[in-house]
Amino acid sequence: MGEVEFLNWVRGSGLNIAIAVFLLGVILRLIEIYSLGRKPDLSAPRHAAGASGLHTVFRRSLPPPGMMKRSPVSYIGGYIFHIGLAVVVFLFAPHIKLIENFFGLSWPGLPSQVVDLVAVITLVAMVVVLVDRITKPVKRFLSTFEDYFTWTVTFLPVLTGYLAVKHLLLPYTTMLALHILSVEILLVVLPFTKLFHAFTVFGSRWFNGHLNAHKGVPV
Amino acid sequence: MSGLEGIPVHIQSAPRAVASGNTQAILAELETALQALLETGREHSIDLRSLPLLPGELDYLQHTLGTGEVRVEVDALGKSEVQETAFRGIWWVTHCNTADDVMAEFIEVSFCPDIIRAQSDDVRESLDALSVRLAGEPVSNQNCRGEGEPL
Amino acid sequence: MRRGLSVLHRAIHKLEPLRRIYEQEYTLLGRLAKMVGLSKPVTDDELEEWKELVYNSCTLCARCSLVCPVGNDIVYMVRKFREGMAVSGHAPEGLIGAVTRTIEIGSPMGVRLPAVQAQMRHVQDETGIEIPLDKEGAEYLVMLSSMEIMNFPEYLSAIAKIMKQAGKTWTLCSTAFEATNAGIQIGVSDLAKVIVKRIVDGAERLKVKTVISPECGHAYTALRWDGANLIGRPFTFKVLHILEVLDEFRAQGLLKTEGFETAKMTFHDPCQLVRRGGVIEQPRNLMKMVVKDFVEMEDPGKYNWCCGGGGGVSANEEAEQLRLEAFKIKKRQLENTGAKTLVTACANCRITLEEGLEHNQMDIPVVGLTEMIAEHLVETPSAKS
Amino acid sequence: MNRRLTVAEQLAKQGVSRRAFLKFCAAAASLMALPPGMAPAIAEALGKRTRPSVIWLSFQECTGCTESLTRSHTATVESLIFDMISLDYHHTLMAASGEAAELARKQAMEQAGYLVLVDGSIPTKDGGIYSAIAGVTNLQMLKETLENAAAVVSIGTCAAYGGIPKADPNPTGAKSVQALMDEGLVPRKPVINVPGCPPIPTVITGVLAHYLTFGEIPELDNLGRPTMFFGDSIHDRCYRRPFYDQGKFAKTFDDEGARKGWCLFELGCKGPTTHNACATTKWNNGTSFPIESGHGCIGCSEPDFWDAGSFYSALSMPTTPLDLAAGAAVAGAAIGVGVALANRSKKGAAKSAHQSAGLADLEK
């Protein structure tokens, strides 16, 4: 298969399959998780300001007091690469075009030089958190194959995307195809690994906040 | 083909010369080439066809270089025009075919572009032809057509 | 098993077997993997290995649940995990003993009614205030923890004085005086239900409006938040922590104090009271009534660090090393405040803190907030008579 | 057949002066995308080279490539090059027809070392019966003709990569020259691919000029294309590239952005993945190229460009409709509900099987 045929495949059948697996997985997992349900709390509720599921959804996006100092790499590195991923995924014009194709929604993108810079920062942040994971005994102990695997499938789309735009290492067409392929791998893997937190994070924050709000604790 | 020039094409908003940086780069290249010509006598030429010029950039370049004192028209396999620019030693050379389509366009840096100079082979042949002429023999060389001679 | 805090003691790692059970039993891929024999079953040996992590190294303090960016309610899961651990025979001896004594005798420390009655007489003699027992229709049913009965009798006298000043009717209950619930700590809901049921029955028999949980964090959450869910219906009475009652009295002007403590003091928030209980502002209001030089620790309120003895750890001898290791955080917090006296509102915290301070040769007294308030009550003529 | 003249001799015979020859070489250098300083080297090489015999085979094609090459009737530098070669067979252009034409091909093939130009792809399905000339299938003719050829130039995307005849579903089993060689169906010879639909005329002649001048295959990329013309992508050489970098895109063909000449990426321009010389050589004697005229590149010089989705859908968009998505979503929901029910019954069973735990259970 030549590079253009490869590109055509990842833009055609490959994408079709990946999106299908992704949708199937996401819907299955969401039903599987949320259908387990929780029993209603029979204890008399207590109300407190700032205590609700929604409050917690937002509050957990900020580091609790003292935690930034305790694990700066996790927090700062984590912020940078999460925000960086969001910028690269949602504010790069070709990506917006793709989203528009799926959902009909469109918004202005950022200049490609800015996206390039953000991509580099994201890659660096991801490498830093990986090195931190490997060098800190606690984190290394807690890390499983899945952690390294999910890191890799998240890292590759950014890396290949950057290399493609910058015409590095391989011809653009091949790199673009590899980029799309890496995203497809990410899509297929996402629902069945810890990456699914992209979908459950707000749900679990909400549950946690909601359960504690019943006790009047703004967690 | 030649009809294309007849189509009135208006470039509404000619992008500025700095838009691609091409023109600045060309001017800088010419500066270096002029210096080299003075110091070592090395000639230089730039093929304008090989550059991805923005619409309007060629005009800008032409405008910037201006026109100088010498303008030579060569008639060899179609017309060629050699125009000295306001910067002496920098020549704008345009080669056309017999239908006046532009085949190639160069900016040359030299004391005198080669295309103007008579070539020694041609001179040698001319010498032979002239000698033959003086000896009263018929002309056989088509390169130097004598008046009234058949092609 | 005698070692310091290690990488093993990370909250999320404690749940590894539980995670696998969830995956194998309740997810499609896990079920499929189990069907074709690809998954690693959870074995008894493994659970035994995890005992240290699930019991010895967890005080159910819930700080992990508070700081997890993803919002995982880790302590909820540890609590669930203990359900399985306990009934499969992997609970620590100390806790089994405490539960057994609570179920069989009525109190984790083996305190029986006569001991309580002796304590009542002692307080009556000391304060001259009658301590009511089984008084039907009283507004408040006051619960105790065995720690208070055995180690901190001042608590009961403090209650007597405060109630008298506030002019409220109250009573103790002969069938339900012990508030602590070791069933929750060991993780057996069926047993926790038995213990809670005693209190519910007692409160309903005496037709009280409010049951007052003593200065014991786990007792409070067991009754206040788990109780109704354990018995499967809402309570017919209110449950309040003693500090909530005191703060209500304060707000209503029923709690009058005089004089101030001069020493620099700080307050240790019991986890079950703040993070797990929602009693956050009340102790601060009360502290300010009687303490001039009150300093907060770093990470006060819901962010506070555990004393190290919650979740049944104080009843578990195996966990002593870890508990003392964990106390280092408390020690650092305490030293940073420069406080001369440590105030708290949980008998279990109090014991753990005292032991920790003694182990570190720190000469800082630990005081119960209720008692401290009681010491500053405006002496009324009637109280003397 | 008398001795073949060198190119220089041929030109001299036509009355071309050295000065004109020099001009020709300068133009040829420009044409071949060589540095202007190479003109003397070209002159020297042309002094030695003889006119090679050329056989042009047209297979499954639309004659667009031939059109592209021949649409300029006037004498250009390209036509001079054709004067330099001996085009012995081209069934569209040659005067001879029928058996005489085929005879010309056979005669040209007698002297080894000729150059074969191919436009059009070659059908292979059902024995290649879908295209035949004079009763000979294209496959058979190519096989015969390549036998003693020095090299083959695949002109146009059909010959180079299969092109439109090979587009999905490829009913004739069309294949490119290179693919046939790779499968051993025709003799293996050096191949130069000059793709494009059609290729730029000056690129065709530039490649031929290079071969004729230097007698060797120019440097090729991994798709067999001469890097001197196909080395850069349209995107890299596009004058609208700065707008891409600034994130300024035309959204429709008549919006503000389109009028301002912004990047056409979102309108489906395939410039980033297309390698060709359009952006520099341009079309119609350097007049303009598609992007300059306001239309995105359709990627015609790349393999399978016809199957790369709509010409008007951006490169980042899928090439085929995502027809599995709806089914997958329904399947996901169905399986999810299935697992949910199974979980619920498992929980119910566990609940009803639950025996109240007592103290005895703690000691095991």
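Labels A, B, C and D are assigned to the chains in the order they are written; within every chain, residues are numbered from 1.
Quick note on the criterion: a contact is a pair of C-beta atoms (placed from the backbone, for glycine too) under 8 Å apart; a residue touches a chain by one contact, two chains touch by 3 or more.
Not measured: the values here are computed from a predicted model.
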{"item": "Farthest chain relative to chain B (centres taken as mean CA coordinates)", "value": "C"}
{"item": "Chain occupying the middle, per Cα centroid", "value": "A"}
{"item": "Chains most often in contact, by C-beta pairs", "value": "A-D"}
{"item": "Inter-centroid spacing, chain C versus chain A (mean Cα positions, whole Å)", "value": "39"}
{"item": "Whole-Å gap between the CA centroids of chain B and chain C", "value": "97"}
{"item": "Whole-Å gap separating chain C and chain D, where each centre is the average of the chain's CA atoms", "value": "78"}
{"item": "Where chain D touches two or more other chains, by residue", "value": "335, 339, 343"}
{"item": "Multi-chain contact residues (two or more partners), chain C", "value": "26-28"}
{"item": "Residues of chain A engaged with two or more neighbouring chains", "value": "28-29, 32, 36"}
{"item": "Each pair of chains that touches, named by its two labels", "value": "A-C, A-D, B-D, C-D"}
{"item": "Interface residues, chain B side, partner chain D - complex", "value": "1-2, 4, 13, 15, 19-20, 45-47, 49-55, 74, 76-78, 80, 95, 97-99, 101-104, 106, 108, 114-115, 118-119, 121-122, 142-143, 151"}
{"item": "Chain D - residues contacting chain A, complex", "value": "161, 222-223, 233, 235-236, 244-247, 249, 265-266, 272-273, 299, 302-305, 307-309, 313-325, 327-329, 331-333, 335-337, 339-340, 343-344"}
{"item": "For the chain A and chain C complex, residues of the former touching the latter", "value": "28-29, 32, 36, 39, 41-44, 46, 48, 56-57, 60-61, 64-67, 78, 137-138, 141-142, 192, 197, 200-202, 204-209, 211, 215-219"}
{"item": "Residues of chain C that touch chain A when the two form their complex", "value": "7-8, 10, 12-13, 26-29, 65-73, 76, 224-229, 232-235, 238-239, 274-278, 280, 298-299, 302-303"}
{"item": "Residues of chain D touching chain B in the complex", "value": "12, 15-20, 22-24, 26-27, 29-31, 33, 35-37, 72, 74-77, 80, 237-239, 242, 260-261, 279-281, 284-287, 292"}
